[in-house]
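In the two complexes that follow, subunit A is the common piece, with subunit B as its partner first and subunit C second.
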Partner chain A sequence: MSHAITTAHPIETDSRPEVSAEEWKRVRRLCALATGAGAAAFCLLGLLLWMMNGIDAPKQLFVSYLVGFNYWLGCALGGLVFLMLQYVTGGAWGILLRRIFEASASTLVPLAILIVPLIFGLSFVYEYGQWTPKPTEPKLASKAVWLSAPAVALKAAIFFACWNGLAYWFRRWSRQQDEGTGVGTLDRCESLGAPGILIYALTVTFASIDWVMSLQPEWYSTIFPVMYAVGQLLNGYAFALVVFLLLSNRPPFAGAIHPAHMRDFGSLLLAFVMFWAYMSFSQFLLVWVGNLKEEIPWYLLRARGGWEFVIIFIAIFHFAVPFLLLMLRDVKEHRRRLLAVAIGLLMMRFLDLFWWIEPSLNHHGQYFYWMLDVSAWVAIGGSFLWWFTGTLSNRPLLPLKDPNLAEALRDE
Partner chain B sequence: MQQHSADTAMPTTVENSAGAPPVIGPGYTFRTVSEKISTITLTGRTPRAWWLGLGISFLLVMVLLYTILYLLFEGVGIWGINVPVAWGFAIINFVWWIGIGHAGTLISAILLLLHQKWRTSINRFAEAMTLFAVACAGLFPLLHMGRPWFFYWLLPYPNTMRIWPQFRSPLVWDVFAVSTYGSVSLLFWYVGLIPDLATLRDRSRNRLVQYIYGFMAMGWRGSAHHWKRYEITYLILAALATPLVVSVHTVVSFDFAVAILPGWHTTIFPPYFVAGAIYSGFAMVLVLAIPLRAFYGLQDFITMRHLQNMAKVTLATGLIVGYGYGLEAFMAWYSGDLYERYAIVNRMFGPYSLYYWLLILCNVITPQTLWFAGVRNNPIRLFGVALVVLVGMWLERYVIVVTSLHRDYLPSSWGNYSPTAWDWSMYLGTIGFFFALLFLFVRFLPMISIAEMQTLLPESKVHGNGSSGENH
Partner chain C sequence: MENNPGLYGLLAEFENPKALLQAARSVHEAGYTRIDAYSPFPIEGLSDAMGFRRTRMPLLILIGGVTGALCGFGLQYYCAVLSYPINVAGRPLNSWPSWIPVTFEMTILLASLTAVFGLLALCGLPMPYHPLFNVPRFSRATRDGFFLCIESLDPRFERTATRDFLAGLNPREVLEVPQ
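After this line comes the complex of A and B, so read on.
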């Protein structure tokens, strides 16, 4: 036990040369290709299924798009929150992953454009998403206004302004740090970190209600916004970790990563897997035990008609398996194994969102709609990754001017 | 020997980056650290203020004993509880005390696993605080049963009376959660004490004292084998205690949330209760640490760094709690449900509105001052804020328990609640009990871990190329 604690040798990696400009270009071409292919598949499949009466169009198209959008938004916002968090808490893991978090957060720019199709779909997808508030019984009148299309669009604009504003300032100060042009840039980042997280908490609360919870407008759960946020954090962190591990056998990471770093990376992933499970189970237990007509329909829709298998699959592969694997040092210290767990979790995040969103729509026994979700995910993911790699390849992968960098690279 | 093997598995550097105050004052050696901490315990002269503090606490313990005696004689009718508010002070104080205990476990277990070196000087008395708080908490549900001598009926044991615990009730889960929590916390605290008890045994000149500490030190000689086993045990106990930080207060939140009462049945309760528990716990650690370090001159061990970090944790958990209040109110409005909305309106503007707004003032508004370094760096102001938070967290439980119970779905069953003098005497009595235990603790046991403090010294760092093999 103590042997592993004090081992000072860097982890063994099959070292390869630094990522060249040509390689980045190739990756970005692939991303662009994925966007095109995904978009084409989405349109063709949509048209085909529509003609065959296989989907409830156009509602299904927007709902499928919503799944993909929420997924990549999670990667971006999760990155933004971890970027702020690592400035607040400090620690080696944060410095090593900082550039990746910054690049994730930068994708909030294209995502602000990619949400526009959803705004046009509001009236198809959401019961209250009409451009003039839906007439309803008096006690729900204020809710109808809150969830009406103009209100949701306005709120979305405010959320994206806040998020992009935060991402912009953090990247600006970090660039100034790199260039040595700013004074006290690290202090500024540290000072904005805590209020930034607060802004995220408030905005994501209302965003999750507007975009996901109100798919079933009669349903409400106070833990849902927190659960949604934890899902985003897990998404953003697992994504950053995958990118990091893919790059970790190349300079500047190769030879600088120690087992202690790897254990911290794995443990943090484990912590968020546990947070996610804690939130999900708490909501389930309390709704199940209460069995109230306002609450239980959410689970009834998601536990019947084949969805019960999805629940079991999620319980096993989103919690039990990664939980057990991430307890093992043999997994955490081993690059490929940790990579496999993180990729598995990224896939499970998609399934979890799919399970949250899709059952709110009645599919009338149609099955092939999931292909639309996957193609929307690929299309949005392609543009996300195109922007992400563009930002990431632009600057050194480590914050070379950060005074804590040397300490972070030292083995504990 | 002792220091040598401690090096191998413990964090060893004095963390002092970015101009933060150090975790230990300058100029200390292994010997002076031992001396400074153990003298408080081994000195023959007991400070007069200690006698005064213990005396006042002891008087309150007498009040507690008298209250319990009268309670057993007369029954729980001496309290203000009645239908519809059948859970008055008993559950409020139970939740308040058990919440306070959480900071001790968080500091000793989670911060250990997170390599937070600043935990080192505050973990010992924070763990003691946990134990004493759990002892105070446990009294309330036991005595609320009316016939506490039948408490063992809560345990699933084979019997001829055909009784069996109702496992669907979170109150039964509480029995398991709290007793596990108490046992693990006790073990963790005791295991941590063993090397220090041996130090006290070795430093003492009095034969009897040597025997007592020697007996408690279980033959500790500080050999490399001892240290190795000690480190492994300590890490395992930390890993066991970590889920307990979350699970105990989660189960406590279930006590309320599984009921379908508006204001109680809300899914945010588990994380929000856990955050509230840590919030009040850190406030209590501050309330204890600030006078202790001033009185015993421990400013070099419990430095400004510790106080600042605790202030930050208090602020962060306070914000989570505030978020919980806001979300509850928003969701009640969003739900459009008559009863959910009424529960919140009744909280804010009903007969107990004063408590609600005081709670907001104490728990949400006052801790915002912690954003300012001027408050975080000033022990007296910090002490004030922490006290206010402790009051606020008590008010929070009062508001949750009373406002939801006193007016439920059916107006014909509405009623009001007010505590009696016996409620107050019981509550004040447990505060006395808590402080009496704490005074005894600081006099007879080392309140700061000597062995762990020594690992913070620069001379405890491993020299050489850092390979571990030769250290064992």
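After this line comes the complex of A and C, so read on.
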């Protein structure tokens, strides 16, 4: 066809001026407002639902908080892993998104503070989350110690120390690269990337067991940590992509992005949608076929009492629809369409986590508790985004001193 | 269209991939449609530059994939439900979750086979004879030669004008390709 778009022309011609300090300030004010409003809604709704005898307080409050916390932790850790991944693999997509991944990873600092309320709630939320290990039958004794509140708190401290350490060093070296004060900073980042990914794989395995899987302590699944980690990767990447696409019609991105970049971004999102579906289905298939009494209750709880519609909704909108859309060039190459798919996936991540966590609680037929989950999500998200935008606006949006930047922006 | 008996087209050779890419862009912008480029390795953006954008391949591969999915699922459904229904540990005869892996594999298999053979078919391969083989230099397209050919069947093709146009694109040389 003769009217084809060629790679000679960058996408998006309606470029607007660079994001000003004033605009960043306005966005950050909005984030602070969201935190306050979310927290207020969370407290008021919690009080209201508790007085109406509608919820299992305080357990429900902590579980709702856990959903929101896991969501934004996924954004942050997904960003950290992609930051390491792009140092290890290279490629234009990674350089364009690097600052966004760095800013996502920097939010592990406030998240380390935001987990503290959960530590106090351990004994309410988890059967074994007592401060002195609960006496139990000998078979489960080791589990009771491993999942007791002091052990979980100590492990959480170690996990956050590892993650924040990684995030700190990557940001320190890239800052040195910007300022031209470090020697071999890129080499250092590349050498830390691979062991960093290993550290993440180990820590996230134990974190997912402590924080999510042990909500039903008798249940176990070896795929679950992978499923949890893939959820985080999808969450972190979709979030970074949304931020990037929102900024992409402004300098320094406007005029620098070409359809080939957009296709790469879309294809990577497709890959992680498929990875997520593969893991989620694998666990379901093995548990369903095995039909063992230790394993199947997890799915029985999540497939009855209305949850069966949630499963179908997730299968369609977390997999089928984005899968088909992201195969089309017409979706990947258009900023608004790709943005819509990425935002849709971010919303589905919330529903997926909600479906993992909430059914482990007996809601006594009440269903307004989802408002608590949403307000906790807004409150934590507000502080996440406040910190994120603070880091992102602090430095140029592209790593200008990176030797591979010119290669990443070339148009042919 | 002029009548050019015995002439397949005009072949221009370029120094490097970048020159070929620029030439392809200019030729496409000049409105030529019956064109093709030849290089020893894939050059990113070359097909876009020539205006080759849409092909029938994705649709064919989709059809292949859907056929594979239906065959894979259908085979298992036929075996387990229609032909030889047996009760395995009380599971339903239509145990669809355990059929997904095979269905998935069949989807990939037929989609990729369609991709390989569809590509060969649409490219008209294998092709033992091609007029370009009449140009001795063209054998360098598999080593270090970067070529662009405008066929004489192109509606805009005029022997001298096209030759001058190609010569203006800074090629190493422009050759006539006999039929």
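The rule we apply is simple: the second predicted complex is superposed on the first by the 404 of 412 C-alpha atoms of A that agree within 3 Å, B and C clash if a C-alpha of one lies under 4 Å from a C-alpha of the other, contacts with A are read in each partner's own complex, and residues count from 1 in each chain.
Here, a contact is a pair of C-beta atoms (placed from the backbone, for glycine too) under 8 Å apart; a residue touches a chain by one contact, two chains touch by 3 or more.
This is a predicted model, so every value here is computed, not measured.
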| item | value |
| --- | --- |
| First, second, both or neither for A:222, with subunit B first and subunit C second | first |
| Which of subunit B and subunit C A:254 touches, first, second, both or neither | neither |
| First (subunit B), second (subunit C), both or neither touched by A:277 | neither |
| Partner chain(s) touched by A:81 [first = subunit B, second = subunit C, both, neither] | neither |
| Contacts of A:142 with subunit B and subunit C, given as first, second, both or neither | first |
| Greater residue coverage of subunit A in the superposed arrangement, subunit B or subunit C | B |
| Partner chain in contact with A:289 - subunit B first, subunit C second, else both or neither | both |
| Subunit B versus subunit C as contact partner of A:153, first or second or both or neither | neither |
| Subunit A positions touched by subunit B in one structure and by subunit C in the second | 1-2, 5-8, 285, 289, 412 |
| Footprint of subunit C on subunit A - complex, ascending | 1-2, 4-8, 259-260, 281, 284-285, 288-289, 291, 412 |
| Subunit B residues touching subunit A - in the complex, by the definition given at the top | 8-9, 11, 17-18, 113, 115, 228, 231-232, 235, 246, 250, 254, 257-258, 260, 265-271, 316, 319, 323-324, 327-328, 331, 333-338, 462, 465-469, 471-472 |
| Complex interface listing, subunit C residues touching subunit A | 18, 21, 25, 28, 31, 33, 44-45, 48-49, 51-54, 89, 91, 95, 97-98, 100-101 |
| Interfacial residue positions of subunit A with respect to subunit B in the complex | 1-3, 5-8, 90, 139-140, 142-143, 146, 194, 198, 201, 205, 209, 220-226, 267, 278-279, 282-283, 285-287, 289-290, 292, 294, 403-404, 407, 411-412 |
